[in-house]
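Below, chain A partners chain B and then partners chain C, in two separate complexes.
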Partner chain A sequence: MWKKILSVSRNEFRALFKEKTFILLLIIFILMTIFSTYIGWSTKNTIEKVYQETVIKLKESGASGIPLDTFLIAPALSILKNMIVYIFLIGSLLAIIIGHFSFMRDRIAGISKIVFSRTISRKEFITGKITGIFNVLALIISVSFIISYVSIILVTGHPLSGNETIKLLIFYLISLAYLIIFAMLGLFFAISSRSESLALVNPIIIWIIISFVLPQLTSALNPSALLNPVSIQGVAPHSRFFTIIQEVIKPFSLSENYKELGSSLLGVGPINTNTLQIIINNSAGILLILSLIGLLIYGSIFSMKKFDVCEEEVDG
Partner chain B sequence: MGNSKSTVAVIARKEYRDSIKSKLFLTLVSFLILLIVVSIVVSSFDFKSQVADYRSSVKILEDMGKSSEIPSMPQFFPLKSMRGVIEYIEIIGAIIGIILGYLSISREKGKRTLQLVLSRPIKTADIITGKFIGNSFLVLLVLLAGLFSAFFIIWGIGGLLLNIIEVIKLLLVFLFSYFYIMFFFCLSSILSLWFKSLSNALIICFIIWLIFVLIIPQIGDTMDPDNQIPGGFFKSMNIDKPQEEEIMAKFSTYETTRNAIEESSITKHYERLNFAITGIKEKYNGKDLRFIFKDSWKDLVWVFSFLLAAYFMEYAVLSNKRLIFYGD
Partner chain C sequence: MKKEEIIIDIKMLVKKYKDFLALDNLNLQINKDEIFGFLGHNGAGKTTTVNILTSLLPPTSGGADICGFDISKDSIEVRKRIGYLPENVKFYENLTAYENLEYLAQLSGIKNTDKSIKDTLEFIDFRGFENKKVGEFSRGMKQRVGIAQAIIHKPEVLFLDEPTSGLDPMGIKKLREVILKINSEKGITIFLNTHLLSEVSKVCSTIGVLSHGRLIYKDSIENTLKKFKDEVSLEEIYFNIDSEKRIK
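Then we have the complex of A and B:
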């Protein structure tokens, strides 16, 4: 059984790296990982200088009680704050495409019609696909982790401490789990949708609901503000209406839970050095991510069981 | 000339009929209308809650005998509640344009009718114009539905009836939204014509959408020094606007780079233009259109130029018969 699963998984891995569009999106993701450190570093340097200029201006005007420089004490990992947004924007879209291609490729080529005439069950086939997707995503996240780790050392000029390395590692592990959700969403719709374009657009609509609509309902933040890790940190319900909605919806708002956890680990906003405490504080969010992964894997296996192998050509 | 007109009309009618039957299009349109409604309802309720909170604070202050400390009542600017709508059109409106462009070409490619049409004595320009006009009707219909929803929600929940100037401004927002969506329609048509695999064309289009609509504006926004603290850096330092401008003048290279990054995206131009018209950008709140366009005409030119360039590019691609017939 495992031999067949591994064979499907290996094939999945190889086939994805032959897809030009996947490679293109992967390059964008890797480039943004590199730029993320640079943007963070450049912005931090500039705001430091802007702060100094502001202090001079305030002193000239005779102002007292000048606020302290909070940028100077910001943790080294905080310059990676844009990675939270790039993972939830580019990474999740990349994951949807990985999941989509994984089965749609076989449907278009007609492989899904004939593969089960061989001695492989539907469960083995889909388990192999899911394992292949996990491997690809794990590789992407590992590359991203290494780039972030090396670039942050190059930019700051000193190595990360053990605690910082653990935090960065946990951040990328959580990010991997977050991406698996979207890959499974792409896979689920690739199996269950009758048309190729609907199979791609439906998970994108769900992605928009998760990324923009639910957070807007709980915080009244508009879509563009949700792309700035700093504005996300500053959100507090400013009326009874949003306090009630936040209490009801926020525990289920996937992207907000991910962004909060990511921000805590990278030290954006209030600084918490205790990694275990961060995990405990965000345990509900972690549980939500893991539950969704389980639910979507089950959904994909279930829809594979129901998949009509005699279907005519998949619609455009 | 008469023939050309009727050819365009026939193609436009066919495009309209085909697209309006598409489940994919209808799903996206319903989603956009839902988001427009949610967005305005949320901001209207937000305002109502703020007013209710204000009234209870006033009552507490009055009971405490501190009437002199009562702050001014929050003001509701109905067009400002359009912010969410504009941002959703930036995201979903662009996807609607992409899907319409994709469907417009994929239908023809799938049935190989495009080659058939091109082998007849029909001008390439007539095909492009017919497709453009047919889909324009659909986009305008969707935007009109959005416009009515916005108008009635602001009236019904916000309790404010827009005056004639505000209605004109609202109409301008929807006209520029039409330009913006049609740019993505042309872009998607170009890629669907260009690529042999329609699935790859759609994914590349989504990648361009991701870069234009989300990544570029995000980079510009997070690089803004004022956005480094929730609520604004300069506000936290008690620095007013003229002082802020004086300080930032010393970082002109950084600001020019940041601005150049933002300006490379049509989305940012579309956003700046509509934020000025609706007064979301404080400087333009309550100002007349002449004042607004004195600053914003460049953004309008940019949005229109993007659309025009995409339209002519589509014409150039469709004129390349070798690409259409043999797909190389």
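Then we have the complex of A and C:
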């Protein structure tokens, strides 16, 4: 049984790394990871430069109380804050493509009939596909983690502490779980949709809702916070209507929960050094992510059982 | 005289697609080592029959045994013993023939895939192309890879659905030779779906004619030619059988 599952999983790797769309999105994602640290480093330099100039001017004007450099107290991981946005925008799109092609590749190739005339069961087949998707995403996230880890050391000039490394690791694990949701969406619609275009349009619509529409009704009500991973802190509009909408929708908004969790782990906004406390505070968000993964895996297995290999063939 | 062993036993097979009756109480027995030609016009129900026998499609009622195993209850046992080449066989175009065959061989539970692939390609005289992408292959070459995937796990029964469809004359000739070789050297029973009578006369030992989901004729090629000795060609025999039954 496991040998067949592993064969399907291995084939996912082999076939996926020959897809041009996937390779393009992967390159963009890897470049974004590198770019994220560069932006963090560039911001740090600019702020420090402005800070030094301000300090000189303040000293010249005879000021006595000079404020501290904000970057001295900001956690090293906060340099990576843009990664949260890249993962929830580009990463999730890449994950949809991975999930979509995982099954649509077989449908386009028309290979399902010769696959299912063999001794592999549908459950083994879909388990192999899901395992393959997990492995591909885990590889991408691992590469991104390594790039981020090395970049931070290069930018800050000192190695990350044990606590910081754990936080970064948890951030990437949560990101992996977040991406799995979108990959499973892509897979689910690739199995259950009648046409190839619908199979791609449906998860993209859900991606738009999760990434753009729901944030508009939650954090975007807090001006300028649409894409920035900033937790809402008392700047909520003075309208009861918006406050209620925000409170009702936010617990179910996947991207909002991910952004908040990511922000807490990377030390953007209020600093919380206790990793366990961060996880407890965001347990509802983690539960939402895990529940959606479970639901979509179940949906994909169920759709696979119902999938018509002969695709309504009534000729000859 | 050697007792004939039934390897495919179809009993009262019915398949309905909403209001369309694709198979209407089909009964058919095929003996071991035969090359059985399943003839019929487009839409007669040939592909539906093969889809059911390969356990890709559930029957509405009735059933069939292949090598003594029920296609619905023991579908895994059935699939261990069959090979299948669908009409217009397709593969992952950006993978090589070897990669495609390796994947399919693994799904059949073959342990030494490398040896099996090389032996199979040698058998069908297709060595030297295994490391080329399938996307670069002609229709005939793809069909050869299709044959390879269908026999790589050494099945007892091979289902071929319109195998010469879209091939040029040379491709048809080569494929015909391969089919005969598979039957004679490997002892595999072949169930050949086709609407090409010329193919049947050159390859098959027995024929069955399907019309509107019903089996209207079955006999050996030899007997068929004797029975219809006044007819000039197999084409005429087929049209006579089909039109007679339709009128009735």
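By our rule, the second predicted complex is superposed on the first by the 273 of 316 C-alpha atoms of A that agree within 3 Å, B and C clash if a C-alpha of one lies under 4 Å from a C-alpha of the other, contacts with A are read in each partner's own complex, and residues count from 1 in each chain.
Quick note on the criterion: a residue touches a chain if its C-beta (ideal position, glycine included) is under 8 Å from a C-beta of that chain, and two chains touch if they have at least 3 such contacts.
Bear in mind that the values here come from a model prediction, so they are computed numbers and not experimental data.
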item	value
Contacts of A:Phe252 with chain B and chain C, given as first, second, both or neither	neither
Residue contacts on chain A - larger count, chain B or chain C	B
Which of chain B and chain C A:Thr54 touches, first, second, both or neither	first
Touched partner set for A:Ala109, first chain B, second chain C, both or neither	second
Touched partner set for A:Phe307, first chain B, second chain C, both or neither	neither
Doubly contacted chain A residues - partners chain C and chain B	316
Residue ranges of chain C in contact with chain A within the complex	17, 20, 22, 40, 42-48, 51, 54-57, 76, 79-80, 82-95, 99, 103-104, 106-109, 146, 149-150, 153, 161-162, 193, 195
Residues on chain A engaged by chain C in the complex (per definition of touch)	3-4, 7-8, 11, 14-15, 18-19, 105, 109-111, 113-121, 309-310, 312-316
Touching residues (chain side chain B, partner chain A) in the complex	23-24, 27-28, 31, 35, 38-39, 42-43, 45-46, 48-50, 52-53, 83-84, 87-88, 90-92, 95, 99, 102-103, 106-107, 110, 198-200, 202-204, 206-207, 210-211, 214-215, 217-219, 221-223, 225, 227-231, 233-234, 236-239, 243, 246-248, 250-251, 254, 271
Contact set on chain A toward chain B in their complex	20-21, 24-25, 28, 32, 35, 39, 42-43, 46-47, 49-51, 53-54, 57-58, 63, 66-67, 70-71, 81-82, 85, 89-90, 93, 97, 104, 108, 195-198, 200-202, 204-205, 208, 212-213, 216-217, 220, 222-224, 227-231, 233-235, 238-242, 316
